Structures are given as C-alpha cells and as structure tokens.
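Right after this note come the structures.
Each of the next two complexes has subunit A plus one more chain, namely subunit B in the first and subunit C in the second.
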Partner chain A sequence: MANSIPLSKPSSNLQTKTPNESSLLRWICLAPAVIYDSLLFLLPLIFLIWIGFWTVDNYRLVPGFSLSNYIDIFQQFFSKSRYAYAILQSLWVSSTATFLTVLFCYPFAMAIAFVVPVRLQRLAILLAIAPFWSSYILRLYAWQTLLNKEGLINSFLQTLHLINQPIEIVFTQIGTRIGLIHYLAPIMILILYLALQNVDRSLLSAAQNLGATRWQVFWRVLLPLTRPGIVYAAVFGMIISLGDVLSGIILGGGTGKSIFGSLPLFASMILNEYAASTNLPRTSALATILIVIMVLILFAGTKFSQSNQ
Partner chain B sequence: MRFTSRRKFLHYASMTSLGLAAAKLGGCASQNTTSQTSDASPSPSSGGTIRVLSWPGYEEKDVVGKFEQDTGIKVEFKNYVGGEQMLQLVSQSPPGTYDSIVADAEYLPKLLALNIIEPLKKEDFPEFSNYVTAYQDMPLFYDKGNMMAIATRYGFYGMAVNTDEIKPEEAADWNLLLSPDLKGKVSMFDWYLPNMGDFSLAVFPNRENPYDLTDAELQKVKEWMLKLKPNVSLISQNFQDVTNSFLTGGVIAAPIGDWLIQNLVADGHDNFTAVIPKQGAIRWSEGATIMTTSKNKDQAMQWIKYMTTPEPQARLANVKASKCQVPNLKAIDLMNDDEKKLLGYTPDAKSTGKTIAEVKTAMTVPRRLPVKQSDKVWQDIYNEFKTS
Partner chain C sequence: MVLSQPHTQLSETNPASSHDLELVDICKYYGPLMVLDQINLNVKAGEFVAIMGPSGCGKTTLLRVIAGLEGVSQGHVLLRGQDITGLPVNKRNTPLVWQSFALFPHLNVRQNIAFGLTLTRHIKAEVQQRVQEAAVMLNLEPLLDRRISQLSGGQKQRVAIARALVTKPNILLLDEPMSALDPHLRIRMQGELKRLQQALSISFFYVTHNQNEAFSMADKVVVMNQGRIEQIGTPSDIYNAPATHFVAEFVGNNNLFEGEVVEINNQTIQIRCAQGLIQAPYRDRPHQIGERVTVVVPADRMVIASTGPIENSIQATLRAREFIGSQVIYYLETSTGQEIKLIQQQSLNESLNVPINADLQLSWKVESTILLGERSVDAP
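Presenting the complex of A and B:
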C-alpha cells in the first residue's frame, strides 16, 4: 500500500529527489557556509544599512530611524557635494577598467587552457595569480614609481625619442585603471580559465569538421559558450573596482582626470567624508547607495548571463 | 587503526595545548615578577598605563621612550587625523577610555562644551616660563581665565614649493597657485579647515581670523577655490602620498607648509622649501589636556609635564611623522645644527635678531573653526571644490 502511493500519484519532486538530497546531512554540510556568511557578511551588511538611518547629535551616535541622511545626500546629488558626478566617474572608470581587463585576460586564459600542456596548467595558473602574494598597496606605489613623469616608462620612451614630453599617467584615471587592471587580472584569469575548461572540446572539433575557420570557431562557438564566465568575471571586476579606494588615491590622485573631468571616485569620496566628518550614519548611508549600485550590477549581470542560454 | 591514530592525535594535541598554556601562564608570571621588581625600584611613579588620544608623532620611541623607562608608566596612543575624528572618537568611547587628549587648539571649545577636560595650573609646569610668549598666553588655550591645555607643538601651513621650478620669492603669493603654468602640479592635504583658512587669507589678506567670513565673503573664497581646482592633481589625507607627489607626481607647489615638506628636506632633498605668502598663512597648534573622567590623572599629568620639558620637545620637533615647531625655547639648545636649520631656528636674513621660525610665527594666524557658518557649510563647499 505504501509503495503504491507514488506509483498511482507520481510527483515530479519525488521522482527527481535522490536519497542524499532529502537527508539531514545535506543541511548539516550547508551549515558552516550559512553561519559563515551570516556572521561575516549578512549581519555586518544589515548593521551598515541600519546605521544609515541613525543620526549624530553633538558627535554622539543617536540610534533611531531617520531618513535625514538620505534626504541630505540626495539633495546634494547634483549640487554642493555632487555625489552623482562621483558615481558617474566611478562607473566610467570601473567599467572601462573591467572591459580592458577582460580583453587582456581572455586570451591569456585561452592560452593557458588550450596551448599550455595540461601538466603545466596548474603552474601557469599559479604564476598568473602570483601578484596576489604581494601587498596591493606596495604594488600601487611600485606602479607610481614606474609611471611618474621621471619614471622608468617615460624615461624609456623619451630615450627612444618616441615622446618629447612625459606622458601624464600618475594622478589621472588612466593611472587608476592601471592599478585596477593589475589588481583584477588574477581573479579574471582564474574565472575565465574555469569557464574555458568547462567548454566541451568536441563542439569545437565538430565546428572545425563542418568547415568553420578558426575565427568562426572562436566567435560563433567558443565565445558564446564562455559568455556566462565572461559576464561573471566582468561583474566581479565591476564590483571590486567600484569598492576600491587605494588605486584611485595612490595612482589617481584622489581627484584624477578623465573625460568627465577631475572628479573623485565615489568610494574615495565615502572614505574622505568619513575621515573629514567621522559621521558614521551619513557614511553608512553613502556606502549603502554604493552597495545598491553593486547589487543592481550583479542582478543585471546574472540576467544577461542567463539570457539565450 | 584510524581510530587509534585519531586518539593519538588528540592526545598529542591536548598535551601540546597544555604545554602552551603552561608556557603562557609562566610568561604571565614572569611578567608579573618584572612588574613587581619595577615597582620595588626607586621609581618616581607606581607605573600603570595611560591612554592618550593624539595626532601621529607622540608615540615615536624617541619621544615617549625615556618617559616610560624612567617612570614605568606605559603610554598607549590612539592616533587621529583631523579634529572631527578626535571629537567622534572621544564622544563614542566610554568615559575613562582616554586620560589625556592632545587636541588642536581650535577644538578645545568643543571639548569644553562636552565637559570632558579640566583646567590645568600654570604652577604645575616649571617649564612654562621657557615657553615662547605666543604660546604662554595663547587665547585658544584659555577659558574664562583658566588654562585648559598646555601647548606641545605647532607648525605652519604655508606654500611648499620645488625650488628647481619655483623661486621662493615667487611663492610669496597664494595667487601663484592659480597660475595656468601650474595645471596639474598642485597637491593638497585633504582637510577642509587649514586649506580653506589659507584660501580665505588669499582672498582677504592678513585677517586676524580668516574663518570669520560673511556669506558673501565665503562665496568669494569658494570662487577662488574653484579657479584653483584645475591645477590640483592630488588631494590625500595620507601624509606620505602628499610628500610623494613632489617626488614622483610632478607636483611643484602645495598649500601644506613646512610640517610636511620638511620630511623631504630632512631626507636630503634640498630643492624643496616652504614659504609664508605675503597674505599670511594658517598656523596649527596642539595642546595637551587632562580628561575629567581619567582614572589616572596623576600619571597623565606626569606625562604632560614630561612633554613640556626640553629633551622630549626637541625630539617631538623632529619626529618621523612630520616636523614641527615646539614652544619650549630651551629645546632648541638640544637640537643639532642640521635640525636647527631644518626647523628654521637659524637667524632670518631680513629680520635682525629673529629666527626664521619667529618670523614665520608672526606672519601666521592660528587655525580656528568657522565663526558665522556651521562647520558643515564649509565642508560642503570643500566637497564641491573636490567634485568641481
């Protein structure tokens, strides 16, 4: 009788469920990740958002629920502090840095996945992520030494008579992008390598057997198959770039020049506002706005990677 | 077999933990013994720990080391950059967290309003008579006749320049910063208060209080700042970034004055100097206070007295964080010739009988807080300048 129930009334859930999926062990295995994320990510995030509704009275935090920080910030979006300009600068610098990093890292990851012998691929990946072993801030100062007006690159170009005047890179958003690209490249290479590794090689061979040129195989088969990986790499790149302050200050000069003018990045602005006023609720509200932008990018990226899949 | 290994592992792990715990306890015990020995020695103090909130510099070993060695009192420092940060740290810490604050003079009224500092007695400081006159009777350190802080150091926010590119006499005018030749060649320390004070003097020269502006006058200062912006390539709160900008960023002028640029000169870069422009410049001043909620007032007072004496004053003037002037004139005798030259304790060529430092002190006015507008109004203008 008990056996006859699922046969007479089939349930799609019961049909697809394996014993492991319904076991308690599955939830126990998930627990560390849930606890870790809750304690170290979710709770601090909720606290940050919550503080954004507090106020400051006589330099003391006043818990409560007030929209005054947001009202003041949005009133200054296009005047006074002009946060919108800083957000625009951040989006421009982050998107271009991310685009360039993907452009640079995709062939690099392809070379590791398809050209480097399998036994050496782990070593190649290890070398690609080697910059992570050194301090980010030290790397930025090293770039500053290389890129400044009297630095190695300008001196070299001048010695070769390729330029008459030193190129201005440091304290511009080009400098910021160089710092960001160096920071993002190892992450991107790793994500793109994994995406390329998961591509079914027989599909590439099939395309070639059907007469596709190498370029057509790349453009019409490989690239579409790795699109989710590219999108995820780009989303990671954007989010990390939007939150980074060091490159924008050390190489970008805090108010570096771009096509939009000499504007600070939004993340630098948040840091400087905190340092100048130490108004934690207001800074939390600004940080929440940045997080909302990041979530929107993540959402758009996820949608884009899933479309036409 | 696996079970046995696990048991063995647990056994060894437990033994190791016990061993480590025992070693740690032993360490504590030996530390206590050292402490007792120290207490038993004929030290003028019973030891203990005090916590001081200050700008960077006071914590350097050359400055505080001798005090800790002689008295057995350990001084823990919490550093801040900018008066707002200091106020926030004080306000959000439980009472008694800090025993002393070394505060910027202009922020003392705010500390008084919070009722957290108590008056000092001049007679407790034998070195007070050796202080430069300007810092014996500095009004910002007094409240209703009571001395609320004693000066520890001060410095100037004049114009720092690369002399290979700009002659010092050219730098004697703040309007140089607006020159089209300086496009992308100016850096700034990121704090609205000193910068806007200097810029106020650029527009309204030699005012006694450049922070006392009408709304219309403040608007003119803002317009001057907006003209300056295209020339600015770096705005940073990091001292190192600002000084590095002169070495690597092609920066040749900055309204940062002596206190930052002297680090480069001390490192052998003789092509940098700082000038007080003819319109005047801002002078910063720090003073040590005792907190009403301190549970270690005697020890804190001992440290403040120590900081007013010549030797630590001489070392404080030359800390790695930033160079400065010190109010105790006896400290100058303890500096070597290079230090005296660096800090301007050498005769001024144009003013007979005066040192360069004395002339600069006379040409500068103390940094204050905005008078007719709120701090936030000034900060908003500064933010607008940064995003312009």
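Presenting the complex of A and C:
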C-alpha cells in the first residue's frame, strides 16, 4: 500500500456538524444498544474473567488477583486432566465440522442466489433456515434415534445386508459433527447467500466475456469475491462449535472417538468441572482460556478476509 | 482462437468477408414484447459504428446479443464471415467495455488487464509483454500495481479498455463507456478513443444515447427506436437528412412543423402549415398535392430575419436564451404555441440586443428545409 498516502482521509476536525445532528439525540438512539451490550455481554464477560483470578479457601470464594488457577491449569495441561488434548479435540471437531458445513452450504446458497427466481428467493431462504425454529435438543435426539445401533439407518442397512455389524456413529465425534452441521447450516446458508447476493453480476458476465469457462468464473471471480463471506461464516461456525456442549454430549457421548482418540471436547470439560467441583474461579479460568481461543480465531479470520482485498 | 467452421449458407457465400460483423435479420422477443425487430447491419473492417437511441430502444440488448450474453429468437450473427450465433459467450472473443467498467476488485490493474490471457495457456513472458503493450497504449504503465479501488473514473475506464484489447479482438464492443465519466473527461476520452481505434484499425461497436459522442467519433451512426433501426448513415447524413420523424426529433436540434402539400413545381414544393406557407426544395422524393408532411428545419439553419435572406419565414416570440461558448440558443414560441429552437454563432453582447418577449421574424433558406412523409407512415 505504498500509494496510500495521497488517498488518506481528510482529518476529522474538518467535518462540520449539521444542526439536526444533536449529540444528545445520537446518544439516546445509541443507548439501547450500549445498555444491552454492557449489561448482557460486557459485564458478565468481565465478571467471568475477573473471577478467574480469585481463589477458593475452605469452600469460600476469596476475591483478589492470583494466577494460581492458571498455573494449576497449565500444570495439568498434558497430564491428569489433560486440557490440551481436550482443546485439540475441540479444535479438530469444530474445524472439520465447520469446513464440511461451508462445503455443503456454499453450493446450497449459490443455488438460491443464482438458480431460484428472485421472487422466490426469500421463500427459499425461509425454508433453508426453517430447521432453526425447532429445538436444538429435540433435533439432536432425533439424530440419535436415526443413527444409533438399533436406529433407522443401521437397521435399514442391515436389512439390505450391506453391513453385518451396526456402524458406530453415535458416541463418536462423527455424531458430534452431524449435530453441529445441522445446527450451523441454516445460518451459514444465510451468511453465504448474502455474500453471493453482494457480488456484482456484471463481473461474472465480464469474466465470461473475456473467455472464462463457468469453472473459471467460479474459481477466478466468484470464490475470491465471496471470500470475506466464507471467512466470516467459518469464523462463526468455529466459535459456535467450540462453545457447544450439547452435540458433543448427546451425539458424541461426552468422550466420543476421533482420530485423536476418545477425548472429551473442551467445552464439555468446562461444564463437567462446573458441575462436579466447587472451584468456580478455576472453571472461570478455563472458560477464559476458551474465550481467548475464540477471540484469536476471530482476529485471524478478520485478518485473512481483509488481506488481498 | 480457432472458431468452428461456418455451416450456414450465409457464411459460405462470403467466405472472405470484408465485414468484421454482420447482423442478419436479428429478432428477439420476450414473450409478446419485441426487443429487437429485424436488425440488419454490417460493420466494415476498421469501422467505428455508433448505435444511438433512447433508453429501452434495444441498443444494449443488441450489444449483448453480439457478445453472446443474450440469445436471439431468430437471425444470425456473423463475425468475419463466420456464424457465431450458437457459440457460447466465452468462445467468441468479442470483448465488451462495460458501462460500469466491471473491473475485478480483487485483482490489481495488471491482473485485470491480463485476465483474458491467463484463462488459456500462455507463456508468462508473452502475457507480460502483451499487458505491457496494452498499458503503454493506454498510458497505464505507472498504475499497473494499483488496486482498482485506488483508481479514478477515467483510469478505470482505460483499464477496462486495455483489459478488452489484450486478447487482440477484431471488434471491440463498448456499452455507454462514457456515462460514468464527468463531462470534461468525456470530451478528452472521445479523442483518445478515436485515436486508439485508428491506431489499432479494429472496428468499434459503440452504444450510446449521447449524440455528441456518436457524431464526433463514428464513421457510421445507427439510430434505433423500439427495437428497430430507424436510419443508418454517416453522421452528416443523419444530421442533415433525417429519414424519419423519429430521427428528426431525436437527433440534433430540429424544428418540426406539420403541414399539407399545396403546390409542386420543378424547383420547390409549397407546404401550408399552421405557421404559414413554407417552401421546400423539390428532391427525388415523390410528393402529391394534399399529402400530409412534416417539415424539418435544423435550428442552426434559422436566422433572425433582419440578418439573412428571406426565403422562408415565420413569426415567433423570444421566450428565453442560453449561452454556450460562442453559440446562443434562442427559445421562441409561435402564435400557435409551438416551441422553436434557434442556434446562432453570436457574441453575448450582440444577442442581448434582442429583448425577451420581442416578436421576431425567423427565416431560413429553401434548401435547408427537409420534407418527411406523414407521421403515421413511420409510426409502428
């Protein structure tokens, strides 16, 4: 960006206020958002992080600033509780689930944006996000009845003699991913649809006009132009999956098997610690570690979506 | 680029066509709506053709048909004698300069220009060299590594042209390329485009609604209305001898009077209009006494009576005036309420001698009068 100097924005003190832009009115309009974010997001978050530095003495919380929880956690990172392995499992399951969801949703969103007639597109989107209206837990149990050893899919395949032994899907991380993909797909379709809608159609025609085949239009123009949308959808998917415990417990059986072995997800580990121990500060510290991971992913995603743009 | 061999009779009859582009009986309908109606048009090698018409006249659709972005209901598109009517858009090499420029925002200037070359196997050095050539031709060399968002409107347009020319097409399609530029730049680009077209000696197919652009650059002007071609001719043909009522009204600064032929002799035809008797030269067009006709008088052929020879004249009242450079445009009104436009080369001081609301006599030479058949003849 060597040439950006002459293009820099005029300094802000050159901007003049128009009379109807009264600052009081602006604050009144902003207030609901500020209050909402502060009360329901920022304060609990700060509180959570803060408690992570407290200690417990004789079953009683002792406010203060101590790193003992973190030292304790990092000492058990690879032994005893083996948090590192749970984090690894979480990252692995989340990233693969997210990747598969994007892979599934992108063509889906493309079909809605390019094939479905414009007047039916709203309806198509509505139908695509319809699963979101049913309860997440109910959907997970529905999957369980479909996928378990005596479930619909296994008994069907056995009747056809395609398999002799039932396939284990439930209580493995494959089950977890199925639950996550079903959970993420509606919103990802929406995000990707919006990204695709934003693409100037004349750019696609221009590429064809210059000699590009349909594949080349896709790889050389459409995909790069929708990259920010894809990255945001992926970041969204990662953050939701990392924080999700239900799919990991109901379909993943708590410590489902993956290529890394039968390990719990980090989020369900935090939940277990919270339920089993009386050490709230320690649980808060674990939660803070998860939040830090999510923030890092968010930053990396933002960085990646902006570079080259 | 190897095009498939022509199969139609049409192309076999003229294998070595001297035309870059031939449009044969092109029709296109959307349901009952006729968008293109029997378009027949040839573009000679190296010709600058401007398609002009009001919005919705089908000129952009015609351009998209040539590029292959739209199909036709019937008819043929021939590129250098080869029928490309069924050829997919990406196999035609008929690059288009878009109204919105349609530059790829995720690529820089160099990558945008190279785009067409990178789609097929090309040696890297050759790509670089041709991008360089195109950049030199359009003065884009210092901008090659810029992002598209860092360019001005005029620069964007030059990138769009360079990108279209890099595959060395025989014909370049331009869709109102100036409409996104400011007026000052528009004039400059007109000169540059013409220079470029002559230097490359390829044909330009230029769609515009702006007659100044069409007249200043084109070798051939095509006026379209409601999906049909109204007139094809050189700029001076179109300007001096409009063939239809529509062309006379759309092009230039013409004054139109409705009237009836009352007398014909070997030299002149007398027409009775609401504004009085008007004489027109007897040309080869047959007219009959009693025929309803339209009299066309270009605004720059009229003068305010005291200064010119009185052959034809009418009375009008001055209502307003406008100064454009050394030209003065007078807006007048006749007693029947018709508005008349009169353009004169005149200094500001001179023109101010004529007060607003003055009753004036306007006159023009008989030979400057153009006669068109009755209006209903060229109505659809």
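Worth pointing out:
Here is the rule we use: the second predicted complex is superposed on the first by the 282 of 309 C-alpha atoms of A that agree within 3 Å, B and C clash if a C-alpha of one lies under 4 Å from a C-alpha of the other, contacts with A are read in each partner's own complex, and residues count from 1 in each chain.
Please note the rule applied: a contact is a pair of C-beta atoms (placed from the backbone, for glycine too) under 8 Å apart; a residue touches a chain by one contact, two chains touch by 3 or more.
Computed from a predicted structure; not experimentally measured.
When the shared chain is aligned, subunit C comes close enough to touch A:Q216, but subunit B does not. By the touch criterion defined above, A:P281 reaches neither subunit B nor subunit C.
When the shared chain is aligned, subunit C comes close enough to touch A:L203, but subunit B does not. Looking at the shared chain after the overlay, A:L225 reaches subunit C, while subunit B stays out of its contact range.
Applying the stated contact rule after C-alpha superposition, one finds that A:G52 touches neither subunit B nor subunit C.
Looking at the superposition, the partner that touches the larger set of subunit A residues, subunit B or subunit C, turns out to be B. The touching residues of subunit A, when paired with subunit B in their complex, are 58-61, 76, 79-83, 85-86, 141, 144-145, 148-151, 166, 168, 170-171, 249-250, 253-257, 262-264, 269, 272-273, 275-280.
Contact residues of subunit B toward subunit A in the complex are 81-82, 84-85, 87-92, 110, 113-114, 184, 187, 190-192, 229-230, 232-238, 241, 244-245, 248-250, 376, 379-384, 386-388. Put simply, subunit C touches subunit A in their complex at residues 67-69, 89-91, 93-96, 98, 100, 102, 104-106, 115-116, 119-120, 146, 150, 163-164, 167. For subunit A in complex with subunit C, the residues that touch the partner chain are 3-4, 7, 200, 202-203, 205-213, 216, 220-221, 224-225, 227, 308-309.
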